[in-house]
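Read through the structures below before going on.
Below, chain A partners chain B and then partners chain C, in two separate complexes.
So, the complex of A and B:
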């Protein structure tokens, strides 16, 4: 068991290294010149050729790509992610102020998606082909098909502009988080509700459910006691995937609701060609994606003994 | 409180817990208007965070500097020079020195007096420093003489015609408290003499409090919050909901004509006035196609500026063929905007040796095909304008390929002149006319990713002569530049976008700030 965990963790580290190398190469290959941007920041319109060349030399931008990657990675491992070309602040400082907002958004959205999916999925399964089941199917389809910027705009117009219940943007207490959480949770909640519903349907036709019925249990009892625990693994893995995708959603949601977390920073970094900011945020994304998947894998192994058995040819 | 095995425990009944939770939820869901206390706070949207307002670094939002820091001279309507921290100034006849009478009794917001010593320390942070060589008065700086506790003279190595106008720009020319300059010369805090003091700033907002010791007219309200709302629709909804009082301004929180029209329909007050920056269609001076004046002439007369202003800008723009609008000083004589004339455009091509008709022209077997470089990301709305121009030029007989690229690519291709046509915009007040002329029409100027509107050896001589001309010689020299550009069809000005702002009904007395680099607060009262 411990060996498997170690092996899985080792693979995750290798994956992170490969992903960071790839993103570093891609960002380096993008059009634009870091030295020119730094010169522009320092001197405005006065940034000229010799100044740009001097900065490029000082930063080692003329070195081969692998050398630059290793130097960047070494600094990043010590917590030095460079200085944002857009804001002029160390990236570690940007992370410290912005990550909590993004985490609050993802955590709230994750909890809401979890609740939404379980309620919708279970209610559909209980209704089993009834009006409620079909209605929830439709709601899930709409939720999974509507872009989050549209959801955000609609929610804002109704609950902020028309009713005045919640702020239109910014972080100002619990109520200011409600619309961002609903917006970011709608897509994963809808997708996961279908995972719950479909897997419950499948579980209800398996032998252990038939045995439950034969023992005189009600449909609801079989559903909750026998079928529900059996969908844990597919639900967990899909939830993990959806949770990581919420980070992509955060890029739009943070901007629309003026939350100014890491997602909003990333968009601005791209717009202003803040290569140093982009690389640091991409590193963070890679760590986030790989870590969430690692946690889900380990949790699945803990939950299901079959996954802990060594594979044999 | 009970103890259980040594651990302290608070006994909480389920009923109490549920009642408390419900109460908290209800309280948090109360309409915000009940709890609002912002009657003395103006809430202004900004598209990006203000930053630390370092006067020597190019990373903070330009509009926020002007409320915290003052310069010696302020930019007034139409480019009039108004007293700021200098009450009077005298330029020597030879142009080699400028004396300033400093305003007496002025304090920085940390209590430090503004005097000749403070002025000298500040000016020497950028005057004569190579990084600020793009400012004429910095490049020509020789020395500073303190004539009296409140009088200084800046000595120059050569006359700088736009020296006084340069002292009105946003940064680095404004004044910082000497106590806010660290031992290494860097700025440690944004302490100025302006009407507002920075109380706090982070990535979501900047809070400003009124400087009650301000030397000029004090604002009628005591706080101003600059709230970071990057999304335009969110800003509009914030205004409608009352979460924001003011939105707009090209350098503050841009408001598109379409959104402005929608806000007007929703009962918000929209204020629009003639702008100071011109949208220009630039012809690449390195493109063989664009070296043909007949082609430039045909494009110039083949585009419908009035339709563009009416349709794409929904009336929030003015058609023009001048490089600068009249809101900029020494903008030159007005040239009437021609009506789009297809026949005249085709005649220009025919006169230039092109053969064909509206279905297409050729010359020496080569088709009249042009590459139109566009980046909607770098220049929002430009894709729609480009498509309109494409349609209009196709009717003349051009084949127009639109290359739609991202910001990085246009910044890469524009300085290399890798296009036939592309969009430019002049800097606007207070940087023009010398700013755009010196950067965008001079071969030797290094403008980095911005590229140049048009350059040629002949034009260089005319522009450099105009930039050096002072006094009475300045206006005719500037006119010579405009005449050269016009007679050579070196650029194709299209429209001057209006400056658009929208305010919530609780804001009274709103007036547009002097430039798009300023924040509005003067004359405003809140109800």
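So, the complex of A and C:
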């Protein structure tokens, strides 16, 4: 078990290195010239060839790619992610103000997706082929196939413009988070509700469920006491995958709802060809993806008694 | 003979899935009394499990079931009970042991609580008293160090120990009828004998009725007082264990007994298999269902369905559904 943890953690670190190296190479290969951009910012249209060449030399942009990657990585490990070409502020400062907003969006959305999927999945399983079951299946299908920018627009029209219950834009107290949370939770909540429903159905056809019925438990009791613990592991792994996908959703949702988080920053960084900003955010994404998956893997191992307490031969 | 605690009469069970319908049980009757063991014998798919557990509502999810006939538990008609009443009856009146204890216990839950909850529910015990009861049930089922095993997960125990735990679970609510659905099929041969001995001990001590569903003739000879031989949902032969095992009449029973290896003989030459495969119960022909595989078959067998005829009266009548053998061997009938 402990060796397994060490192995997984080691693999996760290797994966982060490989992924950051790849993104670094890709960003470097993208069209555009960092030195030219900096020169342009400093001297306006008057920036000329020699000036650009000097900047490139000073910043070490002429060094081979591996050298540049290692230099960047070394700095990043000490908390220096460079200075954003767009805002002119250190990326560490941008992170400090923006990460909390993105985390609030993801945490709220994650909790909402969890509640939504459990309530929908369990209600469907209780109904078991009834009207509610089929209705929830339909809702999940729609929820999993509607793009989030459309959901965001519809929610804003109804709840902000028509009803005036919540602000349309920006962060102003708890209510301003409601629509972003709903928007970002709808897709994972819908997908996960099917995971709950389908795995419950599978568990209900297993022999231990029959034992539950033979013990005199009602169907609902078998569902909640016997079947529900058995969906824990598939649910956790799918939840992890969906939670990381929410980070991608955040890019659109933050922009639509005017939340100045990491996602909104990333879009701006791409638009302004802010290579430094892009690179820093991509590093953050990689760390987020790999860590969430690592945590979910370990949690799933701890949740399974067969892995937690292996039988001694 | 005492009054039956579980009695089923003229039971017809049709199973429907979205694609096929099957007559799994076709007009079968059986009963079992306190302190008695009834063995229901037949090959896989003969309907022995459906016949015994179907009236209790223990059918896999997704299969629609149509039951006709009567089924009584302690004289009470159970086919007309509401789902809640049937649930209560399953937990209290009937105890069930299944074939594979590895999958019949919940892999995510500790063993003790799985059976203690039973004791808690049906005896109204406090959690502490339920734990004590659970431990003593495990001890009674012959599980060594029951305090420790109580907090183990199913994967931490051997198949034999798990089946003992399963028996403890089935007995937790002090049932009047114990239904053992192939309780030894998934176990090692040495463990099989121990489990059968345990069932017999508990039955003697508690005076409960046991229905043993099996295709293991050895288990039948160890435990059974009476035997019902089921073929394709119909009773082929029934009687006392001694009559059926030592003087079988129906060609299927004879075939079944001849297919059991005799350990006294050096070779397997004494063993005979029954040729062919059981009929597809989704599309049954009129007449005797065993006709296609029978070595005594006559043309009439394919068109006339044989009824059970009594060939020996007494405390346990010996009844056979094969007019061909009865006539050919000059066996007297009594009805």
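Note that the second predicted complex is superposed on the first by the 305 of 313 C-alpha atoms of A that agree within 3 Å, B and C clash if a C-alpha of one lies under 4 Å from a C-alpha of the other, contacts with A are read in each partner's own complex, and residues count from 1 in each chain.
In this section, a residue touches a chain if its C-beta (ideal position, glycine included) is under 8 Å from a C-beta of that chain, and two chains touch if they have at least 3 such contacts.
Keep in mind that what you see is a predicted model, and the values were worked out from it rather than measured.
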item: First (chain B), second (chain C), both or neither touched by A:156; value: first
item: First (chain B), second (chain C), both or neither touched by A:64; value: neither
item: Partner chain in contact with A:36 - chain B first, chain C second, else both or neither; value: first
item: Partner chain in contact with A:256 - chain B first, chain C second, else both or neither; value: first
item: Partner chain(s) touched by A:167 [first = chain B, second = chain C, both, neither]; value: first
item: Chain touching more of chain A, residue-wise (chain B, chain C); value: B
item: First, second, both or neither for A:271, with chain B first and chain C second; value: first
item: Those residues of chain A which chain B touches in one complex and chain C touches in the other; value: none
item: Interfacial residue positions of chain B with respect to chain A in the complex; value: 28-29, 31-33, 48-49, 51-52, 54, 57-60, 130-135, 202-205, 227-231, 233-234, 237-238, 240-243, 377, 406-409, 411-412, 439, 446-450
item: Complex contact set, residues of chain C against chain A; value: 56-58, 60-62, 83-84, 87-92, 94-96, 98, 100, 103-109, 117-118, 121-122, 153, 155-156, 166, 169-170, 172-173
item: Chain B partner contacts - residues on chain A that touch it in the complex; value: 30-32, 36, 39-49, 51, 86-89, 94, 97-98, 153, 156-157, 160-161, 163-171, 173-175, 255-260, 264-265, 267-268, 271-273
item: Residue numbers on chain A that touch chain C, as the complex places them; value: 128, 201, 204-219, 226, 229-230, 232, 304-306, 309, 311
